[in-house]
Every structure is written in structure tokens, then in C-alpha cells.
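To keep things simple, chains are lettered A, B and C as they appear, and every chain counts its residues starting from 1.
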Amino acid sequence: MKFTRTMLCVAVGALALALAACGSSESGSSSGSSSSAGANGASAVTPPPGYQSSVDESLSGKRGGTLEVLQEADFEHLDPGISYFALDYEVVFATQRPLYSNKPNQNETVPDMAASAPEVSADGKTITVHLKEGIHFSPPVNREVTAQDVAYAIERGANENVANPYLQSYFASIEGMPQAKGGPVKGIETPNKHEIVFHLTEPKGTFVAEALCLPITAAVPKEYAEKFDKNKPSNYAAYEVATGPYMLKNNAAGKVLGVGYVPGKSATLVRNPNWNAKTDFRPAYLNEINIKIGGTQAVIDRQVLEGSDVVQNEPVAQSAVRLAAEHYKSQLDLSPGGGNRYITLNSKSGPFTNINLRKAVWAALDREALDKVRGGSLVSNVATHFIYPTIPGFTQAGGLAGPKLDYDEHPEGNLAVAEKYMKLAGYPSGKYTGTKTVQVVGASSSPEKEDAEIVNQTLKKLGFNTKLTLVEIATMYAKYCNVPKEEIEVCPTVGWIADFADPQTVLKPTFDGEGIVATGNVNQGQFDDPTINAAMKAAETVNGKENRAKAWGKIDDELVENAAAIPYDWEKAPRLEASDVHGVAMLWNEGAWDYSFTSLK
Amino acid sequence: MIRYIIRRLLWGVLLLVIVAALTFVLFRVLPTANPALLRAGRDPQPGLVKEIERLLGLNKSLPVQFWEYMKEIFLHFQFGYSYYSQEGVRSLIGERVSATLSLTVGAAVLWILGGLSVGVISALRRHTLVDRFAMGGALVAISAPEFWLGFVFLLLFASDIGKFKIFPGAGSYVGLTYDPWKWFTSLIMPWVVLASGASAIFARLMRSSLSEAMGEDYIRTARAKGLPERRVVRHGVRAAINPIITLFGLEVGVLLGGALLVESVFNIPGVGELNYKAIGQSDFPVTQGTVLLAAMFIILANIVVDVAYAYLDPRVRYS
Amino acid sequence: MSGDGEPLLRVEDLRVEFPGEDGVVHAVDGITYQVHRGRTLGIVGESGSGKTVSSLTTLGLTRRQGARISGRILFDGQDLVTLPEEKLRAIRGNDIAMIFQDPLSSLHPLYRVGKQLSEAVRAHRDVSKTQARARAVELLGLVGIPDPTRRVDEYPHEFSGGMRQRAMIAMALANEPKLLIADEPTTALDVTVQAQILALLERLQSELGMAIVIITHDLGVVAEMADDIAVMYAGRIVETASAARLFAAPQHPYTWGLLKSIPRLDGPREEDLVPIPGMPPSLISRPSGCHFHPRCPYAQPDHARIDPALAPVPEEPSHFAACLLEADVRARLWRQLQAGSTPKQALAEAGLPGAPA
């Protein structure tokens, strides 16, 4: 789905890397069973119960062969400077090498283009990154990658013709970035060919260092790309070069569009002849990846289940998940970390400014039913708080069971508890007697539609007059729920996936009262609690993974205690592979198959 | 006749201009998402959104956008560029038109032959078992949703996922010039699915039209002349076919705008699929292009049908 | 009926029934008549008298509608009732041809007239398209259509009413039939055109020597053309005679009613037209006894019980009537009617008891 995209890479400060090297398992796994050690000593994640993920980072797959990928949706943007969707990442992370990257089944990033971990100064205002040597661009550029290429890659994000969507969210604290328009940025310094230094205006070094795993840091050759970046909009993607093990097929002039990428039809990844395996942690078994675009998910899923040398790499159709779970179990991958889904209630205006009314609705909701229409326990867990499995802070916030609160403890819904809060809210009859009609806006596609109906019915049961509107999901966000002026009381089908595995990216954009904007507002409930806002501000600058997990886990519980929104689903992300494919899933990218690690049997 | 055709064509052009204008208005007025917002990602800074709007030319006032849009289309035959792939809309649509044509024309042939023959047989054997069976089957075919029918066919006959592996599976479409045999076999199931609903409607129409025609006096005369029964039926069919031709032409016109559901299920890269995806992305230039294309086909179909009608029924000839 | 030699067509006790939802429709209830070569038989009756059905049955055109047919229709030594379809088809449009009432609806609107004519020819003769077309032009000329070479390529709607009927006739004559059945050929036409068509038919008959059966409800038409006349009522022939005798000395009250209801140019102005009261009977449940008795001004009580058969009229060997009244009574009644009496008066004059039923 468009608005769910993942990017989980946990950039760690030097301290955390030491922790990881000691082999400590972390993040959302609550099972504590075996953790297999990978080649460089980092520990693999064992998913919580109910998941089934091929997290075996196999380093001994068979070399060669062509993998076919059947894909319903087309890519949005393959330009590493614009790319921001999970589907796009599947190609971008096979062809581009950001400064830091995730191995498929690990939550720690490892240096990719970088040679070592980022060095954050004591005052948190300087980040130094050393680059590897001997990494070359693919044809037709061919030359070695330098720090200037990384600088240009980041700087071009501010170019109006590129317009990177997350640049200001994560990199605004780089000196000169807010005013940048695509030209050189004062705070990005390249003292030599293999060193890049970031100067920040605020002590946010740890956080910004984490963001260096985003694809915008993948090198882009300025002398080759700037002519494309002059076009409105930039068409660098039509000619883009690669630094990763694979590249989009191109012709001698470097043209990708129409050769390696035919919009709406196909994309072809071939081996990058200039890629040096010694500089990369990726094994790159496959010779070629052929992506076929179009069709419908239900048909694609079946073709994959019965086919050969083929995978699908998008959310699986519900019918197919069930089929696979029953008959093709070994071909189904269920990854944790598919994101969360919740119901926002407008706490700024309307009846739900009353916290007890919010708690009453929470208690009355049958969250199990909400999950059932999405496919049941096979693909979901009932959510009891907001941080979801694999994100640090999950266990600290209460894990699967969550904080012990009476309105949260009954996932099947409990009218008695609901009544209690209705009375506390000032409705002794247990039913709402006000006159305001509650507007409920949900998405018209399934299963969102069914979820919206269930929420609507629950509200009616509590005595509310409701007006339910169902529209296309993009419209739901862009025109109604993300627009505070519309004063929508209930948005039952919103969800969130983190940009990378830091709990701040799950909780802050969505519940920070100071981040509410006029359009594109992702704090749909307009939740604005000064105490929590302050806590978030403080937690932004906490250093160290454990500390951050603890701090944000606490905030998560506070959000639950304030009924900021009603979480109901922690999604598991299913993927399918043919029986003769040895797929390896990107834990950090909603379980998508990693082309650089997948092999044929 | 020639004057009539020319006149209709000119009116058709005028109609296209109106459709273009209406399309523009509709897509800006209906509750779709702002494409700049979609492009900006999910935590969009207001400044970023403005930048993207400028990039896509959305920041100009509506009348200016409208004027530029109309000018580009009718003076330069330029339909703009997709907001997403930056590919020219004209080439985007152009490379998909042949697939849609292949699908539509083949299905049309099938449903004319199928629908008419079933209809004729049913009309001649009214109230017999053959008739009831045929009309019952027609009802099922009309009611079956194309998507479901396509899926069922794939599950039954596709060489990759079907029970009986006969026909190529979804996604095996190739261009006619590329591999004629593969083109043909990959289209058989889509043709049948697309034709099923339409041919059923035709069959029912033909049945009633022909039944009525066979009761007319000129049929009695034909028999009294001693014509063989087959000839007599031909007389009836000749008269019965006129109202059906109208419907046929219109149906083909509509389908040429893209048979979305069949294209999706069988993964045929046609205009319908393009249109569907573009709508979801609020990719105005592409949707405007596909709508205009569809309108053009429908207008053409109307003209062709009217001319054909005048040709087929000498009583309504225009001078 | 008079005539020389074997009749060309002999219908013997023909019955045609149609089973229907409300009951069996007795369309033709046992009729017998003959047609001789080169002569014209007129069949007269109201709508629903069975006149059209009997002719259609002759050509086998009622077989498709589920008709139950009994009796014999002898033509050229063959019984058309039992003749297999293929053989009957060879006769249709060939030896026996039929023309219909409304030429606009009876000609195919979407085929050119020439094509429809050629078709008729080629159905029975092995000739080329060019030859057939030439014949079509010839036929159009034969029936008096001017500029036939141009007209042959036109569509029926481009012809006037009269010309259309001529074209129909041309089509019927394509293969020089021995018998032409004309079902209400002039009913849909103007009076002046009527006369032309009738004249045409007469001319063609003398030129080609074919027999004609002309079916009509209009006695005026048969007065011109027919040699012999059969009057039908409720599926039966109630009177049959030569035309001359029928007009001079009609024997059946129904015939009298028909004759009296025709305005005559030479009749006295004060004389009222005398329509036949009532409606034609249902062919499913016909009246008991004499089928005409409910409408007959002269019906007697036992006429509701006894069903009269066609009986010869004394001293007129080819004149038959199906009436229970005595012949001399009938003669007297007719004389009264001719003198200008109303039926009631005639009844009283003849000294017959009883009011009309």
C-alpha cells in the first residue's frame, strides 16, 4: 500500500556497535530462543512466536540463474534521491550502496559505502564517515566513487527538480540545509576523496547518523547527473548508474528508461560489471533479476506458488496467504515488522476531547474482529500499544501483552468496561446522548472497508450518531484525515511503518502535538499533550540504543494511558516464493525478498 | 453520404474538445488526492509540497493550466508527461493501444459470431430444450463478473496454475509482430472472458429480434416463393440484425477505451490497466489522455454505427 | 361449378384446427371447392371466416404453426396435405404462387426489388444471376411498371402503393404458375388503383392462362373478376355458385346480407343500407346448430339445433347453399329484399313466424 513503506535500518553509534559485536540480541524478539551467529559476529533476529521468516542469512547459496519477479504495482521512483517506497527499495537496495545498510535479517546497520561506523563527536554536532576505497560506478561512468559523489547525492535532494521527501525531516540540522536549493551545502564537507564530514547546528548527531542508511546517501556522480537534474522534474532515474552488485540494464549511452526499466511493463537487473565483491557484504548469487509488472495479486500469488524460479515481492492477497499456509507452508514467509494500524479519535474538537470517551470506545472495540477481517492471527497480532515487534522499545512498552490497563486488556471488546468509562465521561446511561454527529472516514478498499464498518458499528452501539464515508485510500489521507481543518472525528483505517528501526520514527511524527501541520498531517487525531510533547523532545537527544528503547517505550505507555489513539493490529508481512527459490527476506523492509541474498535452489 | 460523414466527423471533433474540457474540470474538482502531496511522501513539509506543485506545474492558476492543457492537446497533439514516470503520455498510451486493440477486436469477432449464432438457433427453436439451455447459459454469462470469470478460467486452464494446462497463463501476452502464435494463444482465454458477457447479451437480443422478424409478413412471402428454409432464415436475420449493429458498434467503442478488469487479471499491458493505475496515483496527464482516447473511440464508433445503419437500412438514408 | 375437364385444384373436406390456450380454433371446418384452369374463383367472407387459412394451407404455410389438417387438396394429381415439405416447396412460387394483402410489409424492406424477384426465379430454375435479373426486368415490364431497368434496383419503400402490388404480382408470376392465389390484393389500395390491379390480373390471366383464386371480403371485387364464387362463414362454405347466379339469385341469408350492405350507384337514394347485425362468431366455441343463426333475421327455433349441410339448389346444378329454409321461401325472401323491403318486412311478407334470434 502506498502509504506504508519501511525502511528499517538501525544505525548505531559506536557504543551500540560494540554491544552488537558482543552478540547480544535486541529489538522486539520476545521469544529468546536461539540466535544464530552470522559471519561477522552480529546476531540474527529470532522473530516472536507466530512469525515464520526465512531469517537464515544464508551465505552458501547456489550461484547463477535468473530470478523472475511478478509484481502488480509499478515502481514509484527508482532515483535513489527520491525513492521512498518499500517496493522501490527492493530495486534501489540491490543497485545502490548508501553509506550504511542493513543485512536482511539484522536490525543493525553495517557499513556499506562507509568503511567503518560513523564517528559522532562528543558534543553531538559533528559526524565523520570514512569511505571505502575501490568502489566504482557502473558503466558508462565507471570511475571510482568519491566523497564528493556522496555529498552531491545528498545535496541534490534539496534541488527543486529532485525534491527528496524526507530530507528536511532528518537532515535539516545540517548547517545550511534548510536554505539549500541543490547547490553545495555548507555543513557537508569533503576534506579528501574518502572522507565526508557533517556539521550540525544542533546536537543531534546520533539521530542523524542513524539516518545515513537512507538511500539518499547513495553516491551520485555529479558531472554525469547534473544535466539530468536540470530538467523539470529531474530524469536522472532514466539514466541512473549503480554502485551495488546489480544495475538496471542500460545501453551504451547509459539509458535505462526503455531498456532496463519499461514503466508499467518490466524492469531488468543485471550484474554490475564494476562491482567488487570483496568490498561488499552481499553475496549476489543471482545473475539476473527479471521483474514483470502488471496483473492482479491473486493470480500472481498462485503463479508463484506453482511456478519455478519466481517470486512475488508485494503484500500477498489474503486468499493466497491462507492457501499458502495450508498447502505451501515452506513457500510462505511471514515477517514481523509489517507496521501497525490504529484508529485515531479527534482529541482537539468534538466529543473525543474527553479522554474517558476515548477509553470507552477502546474498551468496546472488538480488536480481534478487526484483525479477523484482515486475515486473522496468521497475518496479524492484536496491538496493545504502538511500538511494534522488531522496533526497539517494543519489549520495554510491554511486548505482546502491553501495559496492564483495563480498557486495553480485552481484545475481544468488553462492554462493561466501556460502560464504566462512559459513566466517567458523564453519561450515566452508558450511552452517548450528545447531538453531534461523528464523522468517520475510512478507505474503500478491502479489508479497510470492513474494519471501518466494525468501528462504525461499535460507535453506534455506544450511542453515537455517525456518518461513515469510504473513499480511495490516498484520498482518505490527503483530503480528509490528514487535513485538520476537515475536523474528522474518527479515522479508523490509518497505519504507520517506521522509516528506520528507531522508536522515535514510530511515535514522534504521529503523536507529537508540535508536529501538527495544516495539510499532510500524520497526527490525524491532533493529539497534543504538553507533558508528552516535552518527553518526546527530551527523548530525541537520548543516546544509545538501550536508553532510547527505554525512553520511548515509556512514552509509548503514556500514549496508551492517554488513549492517544486505539491500536489494533501489528501486521505480519507475508511473501511468497516458488518451491525452488531460496529467498532471503529483508526484515527491515517489511519482509521483502532481498535480491542480493536470494538464490535459486 | 460523404457529406454526412464529413459533417459527423466535424461534430466529433467539437465533441472531443468538450470532453477534454470536461475531463480537466472533473479531475480537478472531484475528491482526488493532490498529486503533489502523493509525490511528497507521507510526512510532507509544506515547503516541499509547494516545490513539487511548482515542479508539476500545479501552482499556476486553474484557467492558465486549462489554457495550456487545451493548447497542447489540440495544437501540438501533446498530452503532457506522466507525473510519475515522466514518460510522455502519448507514447505511454501508444505502446499500449495495440494490446487493447488486439483484445477488443478478437473479443468482438468472437462475440458477434457466438452471440448471433446462439441467438439465431434459440430464436428458431424457441421454447425447446436447446433454447432454454442457451438462454440460461447466457444469463449466467451476463451475470458472471469478468474478473471472477477470468480467475476461474486461469485456475482451470492456465498452463502455469490451472488444473488442465492448456492455455498460456496470465502475463504471457506478446505483441502480434513479436510472436504471432504466442500472441494468439495468450489471447484466447481473455477473448472468451471478454466476449462472454457481451455475446450473451447479443444472443438474447438476437433471439427476440429474430423471433419478431420471423413473424413478419415478408417471411411468409419468402416461404410462399418456395425459398429453402435456410434462405428464409437469412431474410429474417438480415432484418433482425439492424438494431444489434448499433449496440455492437457502441460496445466496441467503449471497450476500445480499455477493458480494465480483463487486462488486469490476464496482465495484458493495455490502456485500461494504465488508466486504472493512473487514477489511483492522481496522475492527471495520463488519465486525461486515456479518457480522451476512450472518448475518441466512442465518438468514432457512433459515427461508424450511424453510417453503417444508413447503409444497412435504406429506409433511413440521409441525403 | 362449371368448367371443362379435370379441375386444376380440388379441395375436399378440408379441416384446419389450431390447438390454443383457450381451446381449439376451428379455422376451417370442412370445405370443398374446385378451381379450373384459366378460371377465377372468388372466396368471399368476413375476417375470421377461414378464407385466408384455407389458402395458406394449400401451400402448406400453416404447417409450422402446429395446425391439425385433415382432408385432401388435390393439385396436379398430388395431395398437398400429405405431400412432404421438400416437394411442396418445389410447388410454392413455381406451380402455385400467392400474393398478399399489404405489399409494403410483404416485401422485404432491406432487399432491392430486383433481388427479390431474381430470388423467386432462381429458387426454381437453374439460371445465372444475370439471366434472373433480366427476367426480373421483364416481369416488371409485364406488370406495367414504367422504366423497369431503373426500378429493378430500387427498394420497396421507393415504390408507390400500387406499384408495390404490381411488383408482388410480378414476383408471383416469375415462374409462370398454373394457379395464382391472391389474398385481398386490393384491400390496402386506393379505389382507382384497385381497378388497375384487377384489370392487370385479368389481362395476365388471359395472357398466361393461369387460374386465379381471389380472396376478399369485398363483393365488388369478385363481381368484376370471378367466374365462380364461394361464400365462407365461420370456417364453412355457406354458398357457392357461378358469379352470375350468385348475384342474380343468391340463396343464403348471409349472402343477402353481404349484397344488401353494398352501396350501389344505381340504387334508390332513400334505400337504407342494411348491415348484418352482430359480430362474427368465435371459432373456438361456435354457435350450436346453424352457425349463422344468431345473426340471421330469418332464423327459426329449430335452426339452433340442426346444422345444415351444403345442399344443391333446385334446378341449378352448380349452385349450392347451406340453409335450413326451404328453397322457395328463400326465393320469396330474396324477391322482397330486392324490391326494397327490410329483412323484417320480408320476413312478414313471407309469412314466417318468429322474430330474429
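FYI, a residue touches a chain if its C-beta (ideal position, glycine included) is under 8 Å from a C-beta of that chain, and two chains touch if they have at least 3 such contacts.
Bear in mind the structure is a predicted one, so any value in this text is a computation, not a measurement.
Chemist: Taking each chain's centre as the mean of its C-alpha atoms, which one lies nearest the mean of all protein C-alpha atoms here?
Modeler: B
Chemist: Specify the chain most distant from chain A by Cα centroid.
Modeler: Farthest by centroid: C.
Chemist: Report the inter-centroid distance (CA atoms only) between chain B and chain C in whole Å.
Modeler: 56
Chemist: What whole-number Å value describes the gap between the mean CA coordinates of chain A and chain B?
Modeler: 40
Chemist: When the centre of a chain is set as the mean of its C-alpha atoms, what distance in Å lies between chain A and chain C?
Modeler: About 93 Å, centre to centre.
Chemist: Applying the document's contact rule, which stretches of chain C touch chain B when the two form their complex?
Modeler: 59, 61, 89-94, 97-98, 100, 102, 105-111, 119-120, 123-124, 155, 157, 168, 171
Chemist: Under the definition above, what is the set of chain B residues touching chain C in their complex?
Modeler: 216-218, 220-228, 231, 235, 238-239, 242, 312-315
Chemist: Considering only the defined contacts, which chain A positions touch chain B in the complex?
Modeler: 2-3, 5, 70, 73-74, 76-77, 84, 160-161, 163, 165-166, 168-169, 232-233, 235, 238, 257, 263-265, 292, 294-296, 298-300, 302-303, 305-307, 471-472, 474-475, 477-479, 509, 517-520, 522
Chemist: Okay, in this complex, where on chain B does chain A touch?
Modeler: Listed in rising order, the residues are 31-34, 37-49, 51-52, 54-56, 82, 84-87, 92, 96, 147, 151, 154-155, 160-161, 169-171, 264-269, 273-274, 277, 280-282.
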